[in-house]
Amino acid sequence: MFYRENGQFKTSYRADQQIFPIAQDRWLILALIAFAFLAVPMLASDYLMRAILIPFLIMSLAALGVNILVGYCGQITLGSGAFMAVGAYMAYNFFVRIPGMPLIPALLLGGLCATVFGVLFGLPSLRVKGLYLAVATLAAQFFADWMFLRVKWFVNDSPSGSVSVNNLQVFGLPIESAVSKYLFCLAVLVVLALLAKNLVRSAIGREWMAIRDMDVAAAVIGIRPMYAKLTAFAVSSFIIGVAGGLWAFVYLGAWEPAAFGVDVSFRLLFMVIIGGLGSIMGAFFGAGFIVVLPIVLNQVLPEIAGLFGMTMSTAAVSHVELMVFGGLIVWFLIVEPHGLARLWSIGKQKLRLWPFPH
Amino acid sequence: MSTPTPVLNVNGIEVIYNHVILVLKGVSLTVQEGQIAAILGGNGAGKTTTLRAISNLLKGERGEVTKGSIELRGERIENLSPADLVQRGVVQVMEGRHCFAHLTIEENLMTGSYTRKDKAEVARNLEKVYTYFPRLKTRRTSQAAYTSGGEQQMCAIGRAIMANPNVVLLDEPSMGLAPQIVEEVFEIVKDLNQKEKVTFLLAEQNTNMALRYADYGYIMESGRIVMDGAAADLRNNEDVKEFYLGMGGGERKSFKDVKSYKRRKRWLA
Amino acid sequence: MAFFLEALFGGLMAGMLYSLVALGFVLIFKASGVFNFAQGAMVLFAALAMARFAEWVPQWIGIDNRVLANVIAFVLAGALMWVVAWLIERLVLRHLVNQEGVTLLMATLGITYFLDGLGQTLFGSNIYAINVGMPKDPVFLFESTFQGGVLVNLEDVYAACIAALLVATLSLFFQKTSTGRALRAVADDHQAAQSIGIPLNRIWVIVWFVAGITALVAGIIWGSKLGVQFSLTTLALRALPVVILGGLTSVPGAIIGGLIIGVGEKLSEVYIGPFVGGGIEIWFAYVLALVFLLFRPQGLFGEKIIDRV
Amino acid sequence: MSDSKKIGEVILDVKNISLRFGGVKALTDISFNVREHEVRAIIGPNGAGKSSMLNCINGVYQPQEGSISFRGQTFKHMNSRQVAEMGIARTFQNLALFKGMSVIDNIMTGRNLRIKSGLLSQAFRNPFGLGGAQKEEEQHREFVEHIIDFLEIQAYRKTPVGTLPYGLQKRVDLGRALAMEPRMLLLDEPMAGMNLEEKQDMSRFILDVNDEFGTTIVLIEHDMGVVMDISDRVVVLDYGKKIGDGTPQEVRSNEEVISAYLGTSH
Amino acid sequence: QAQAKEQFFPLLSYRTGPYAPNGTPWANGKQDYIKLINARDGGINGVKLTFEECETGYATDRGVECYERLKSRPGVALFDPQATGITFALTEKVPTDKIPLITLGYGLSVAQDGNAFKWNFPLMGSYWTGADILIQHIGQKEGGLDKLKGKKIALVYHDSPFGKEPIPLLQERQRMHGFDLQLIPVTAPGVEQKAAWLQVRQSRPDYVLLWGWGVMNSTALKEAQATGYPREKMYGVWWAGAEPDVKDVGQGAKGYNALALNTSGTQPKVIQEILKHVHDKGQGTGPKDEVGSVLYTRGVIIQMLSVEAVRRAQERFGKGKVMTGEQVRWGLENLALDQKKLDALGFAGVMRPLSTSCNDHMGSTWARVHTWDGAKWNFSSDFMQADEQIIKPMVKAGADKYLADKKMSRREASDCGS
């Protein structure tokens, strides 16, 4: 009843080509962003920001990058952990080796290094497809794991191979407190998400999707598979690289290669699938599901057990957490195989028809 | 056929895809034993959906029957699995061929006889398919994906015959087939219908052909049956003649002479 | 020379052991087009069941014969894997007919989490031993030809034979029986398979059960080598390059791929590793697989990837 | 009717093409030509090699022998991109749409060759029209809207094509090809799965395109009625060999063609 | 109010996942000791001890989440992250939050330098001291460190910062004694080590040092058996010398040696007390038969040191009060557990005395070697001390580099008393 596009006539293609053509959506998103920037810092506790919102934001960003490659261009990758690692370690090197290097350029340069790495390991995609490619990208993952453990230069000769940063500043403002860290991540995320959205709704995005859906037909209408795939690798690894930098600099502070191990790659892939392939929104849903849900379960399960008068040991909580989490994944997939983002849009469609069922 | 017994009885079904898209809005039809019934209608009318609803293949498309009932010889079948239906002799030839891409043509045909346990019978059926479609015999060892569109269509039809069905749901059998093969396919339908008493329900765009071979016809438009009747009657109906047979005013119109001024004007604008 | 032979032989044996895990992937992929991420979890789950049943059975029924206890445990674990297969079909796959590969992959991820949790809840998360009487100490061959002889592990040899046997059986099953053909049909097109009466439900239970049994065998062999504990799941990562090198759809490919990867990674680690600081075998295995893929994108024996308009 | 339009010079010349897949001879020594502005049909029984012929022309298959000239340039084989750049567009027998994309986006991909703005300018696309990407997008969108109107699929603009019924998907496929503003359009059974009324519409579209833009059409079709009515010349293939070439009337009376393809009833 | 009388111990642990077999007894020991103090003594000078476990699964990001979740609880005393990766991440966070971090026998070796790492406490030993003691022990076996010349020693290590920590020290020792050091990394988690042991078989080192954790240890022993490498020549770090590492290898691990920071078994008084006051009352955390195992006892020690730090802090800042993180830090920095004190606490024979200071956050650099006889661990050497002469300069240099990289400076001398 309230959610309608009735009466919202588009008089120009520009109007119809807006990111959110429906006015309610536009307002909702703007309100959400405003809420995130203004209200959350006031309302959220330190814990909520440091332990949940910051990792959520950073992982959303990484998932966004992965989604460009996997969801939009159809190149399944399990090497995203490696791209994050490259982003993080190279940003670290720029940051500590060049005196006076500001944080943001360091992160961006880290992202650019990840781009180079991504394009390099994206080359096999010109020949290898699907699951074969997915497994082949693990080569990138394990190679990066090894490289950052073995090559001393990358870790600035730290004997154990773990590195750390401190004294983060942006335009002279220290990024120390939870609020400043949160706002910094949020700002980076919003900017990059906007750029990514622009790309996927423009010609290049259509090229990616065309390659994903049917590469032979795409070639016939003049899309160069090489260009499309490599740009997707480049853009995606740039975003993932920046996310890696944030994860290392802002969230962890100190890290070792295991922080970007193969399970990070897997989790990122899961985020985009469960969130919804080929949807910017999906990256957020997915990150929420994979990053936040286990933590919530971990805290809620003992209380639920408490309601039934049981006490659960930590081990039992963790095991039940795994089971519930696995069960929820399956359940959501059964409800909507195309991910949470699709569930969301179906929900909106229903809302549009409401109160009529069809 | 003294007292016709209904084999299939579709009763006011509604189908919804994806929980939101309502496609069939109360479709009812009845197919008698030994009959050839045809569903006609334009693109998107819901023919395929109707057939899927009967053979229970909707689930994979995330569709569901929300209202109405479907009966096979008096038995409610909405909750049977497609495999159960094949066991009961109901086989669908899907629109768009759906051959098993990695299997050879012959393996494709053999999978069709999955439910038949009698080896001799299977061999007989295979021979039968090869005599119907000699083209398949020459291509028997190539993977289905690497055969031409028409060959795949023959393969799909042949595969259904391999299951020795007694009710066949044929979705656009003539699509992509050369004219003389179309003719043959309909001859095969007639043949099976008369010799082996197989009942057919076909969705077809080639109205001319369909009405020539069918006993009874349903015309569907946007999810509803808008007209039904004996094939002969439909053939003589003026509207059907004009819209589906292209014989408005008695003479067949050349495709070249069809004018669509509305469209042309739009195009020029 | 003797050392080269040892390394070569060690690689071959390690490769055979990988193939055992790889086989599970291939089975399910070939038969239903699902990339079963849960294979690692199934290996762990099956091995845990086996180890714990072998421990519990003597307590329950008071027998004191290790062989008998192991046999009973094997049967019980096998039965449990059947239940798992049945539940997976009932609760998961049945509802995801005709969905895309990634969706199903994701569903198997859910299954992974579930099995990991369930396995540890039921059977505990310590290290457990499986003792099926595998010989642990090495034997030395050709002692007359080479000084010090060539070291061989009988345990590996037994394991390799079992793997070979399993593969041979499964290859025959796929190529020669009508069920095998039906399974391949299902992998190609769920809906079309349904439309000609292949009962997906039954087929899936069969496949997952067979995969469960392969997991059980793999779990027993690896478990007897390493002890049964959570890290067994990471074997899946070791088996992946094997699967893609051999081809996702080829049962014999799993063996050949295993041999190539096994030899490749061991020789590389032993001969190249020391010059670059070592620890290269895992990425080397993947790079090796990747190199093969560049020449044959479907793996050595995989079915050709069809793209045609 | 055909008298009113000017059929020009030979635009496409196919010479002695042979194509084999292992033991299967899909095409054997095929030669024919297409003149500018004409509607050229290719007919033949199933598996005759018609689709393979189109695939050779637009570079999806590489024939073992023979050459193809387009507007004077001769190629042994071309790659798809070159073909597209030269202005040859096509539709597919087994729908090859981009399933996950909306109708609009599918058709917009046909414009991609003409898009000039680069990656960065697209990333920084904005409603204020800075950088040019937005403006360009709007221009192409306008063109595409014309095609959508023309094909009468306005109502489905934003539907993902995967869920459209078969016939509409065919139209979108055509729309995508039209969006390329091709000089030559290769159509592989565009009317399969359509009823008479829809075939009439489709014939109308094809003739309109041919008339208005002078686009040369190469058409594969099994409906003899359509072929006879709208094509200027017809090639007939059988088992990879050419068995006939000429005006519809000539072909219709060719004995070999009748026995191999048309059957007696026509 | 009631809350004010509780000292809270956040317990980061992992009871699931690849390292669960090792993480579980460790966590059990910590919990049981807390329960003992509450049950037997009613807390520390009347301050009740509370705790909450948080499962990290050995993963850094989960560990950080746990830390953030628990750090602001009232009365939080200190953190023991139980994992090297988490330690790194928390090292950057604790100074701002002013909560001490204890890493008994693990973590950063350079953090021994309390002047540079104000909040880190690698109590009782670091990987450098461990490696040093092992070399000394091997030297003893050979009849003197000078006899090591030309000998071949291989380090089979977990390919992670944890496994790489001892390398600088071993290289230093190599320079001094002229032995041959071969580095053989094992990719985590270490289920597949054939290549590593082929290399061992090829170079036939005189000794193998095993720097593993979790499944890597038992697998290494099994591979050693399979390649016929004598287990008597193998020496593990103290994280490779507990029951889960050898139990399922059984006889195959016979003769294998590892460092020990503590005893095992149920004889010590404190273990008896735990059995009496906790397990016999049905309050025990894990299975009773694992009480007193190597890692369990280590957990008990860690918790004891934490409790004693709080007690020490109370002595200065007020008995019967709940200590803040900063006060506990002072307690940790001023621990003085001599033999008498240890005896009184029931730790006679369990561990060496320990005393910390502002400069030295380790407190003890002693360890001994124990050997698996196929069924249990037996001591095979006396306590030995790492060579301060070697380690001190390395720690200083490492800490200086750390400070320089981060543009920080050492604590002022005046800061020491605070």
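A, B, C, D and E are the chain letters, set down in written order, and residue numbers restart from 1 in every chain.
Please note the rule applied: contacts are C-beta pairs under 8 Å (C-beta built on N, C-alpha and C of every residue); 3 or more make two chains touch, one makes a residue touch a chain.
All of these numbers come straight from a predicted model, not from anything done at the bench.
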item: Of B-D and B-C, pair with higher C-beta contact tally; value: B-D
item: Chain whose mean Cα position lies farthest from subunit C; value: D
item: Chain occupying the most central position, where position means C-alpha average; value: A
item: Whole-Å gap separating subunit C and subunit E, where each centre is the average of the chain's CA atoms; value: 37
item: Centre distance in Å when subunit A and subunit B are each reduced to the mean of their C-alpha atoms; value: 46
item: Separation of mean Cα positions, subunit E and subunit D [Å, integer]; value: 73
item: Subunit B, residues touching no fewer than two other chains; value: 21, 146
item: In subunit A, residues with contacts to at least two other chains; value: 149, 214, 216-217, 220, 315, 318-319, 321-322, 337
item: For subunit E, residues contacting two or more additional chains; value: 15-16, 20, 24, 159, 185
item: Subunit E to subunit C touching residues, read off their complex; value: 15-18, 20-21, 24, 159, 183-187, 189-192, 194-196, 198-199, 201-202, 214-215, 218-219, 222, 225-228, 244, 247-250, 252
item: In the complex, subunit D residues that touch subunit A; value: 58-60, 79-81, 83-85, 89-90, 92, 96-101, 105, 108-113, 115, 117, 119, 122-127, 133-134, 137-138, 141-142, 145, 176-177, 180
item: Subunit C partner contacts - residues on subunit B that touch it in the complex; value: 55, 57, 59-61, 81-83, 85-87, 91-94, 98-103, 107-108, 110-112, 114-115, 143, 145-146, 159-160, 162-163
item: Sites on subunit A touched by subunit C in the complex; value: 76, 124, 127-132, 135-136, 138-139, 142-143, 145-146, 149-150, 214-217, 220, 262, 270, 273-274, 277, 315-316, 318-330, 333-334, 337-338
item: Complex contact set, residues of subunit E against subunit A; value: 13, 15-16, 20, 24, 27, 53-55, 57, 59-61, 64-65, 67-69, 72, 84-85, 88-89, 91-93, 96, 108, 159-162, 164-165, 167-168, 185, 188, 398, 405-408
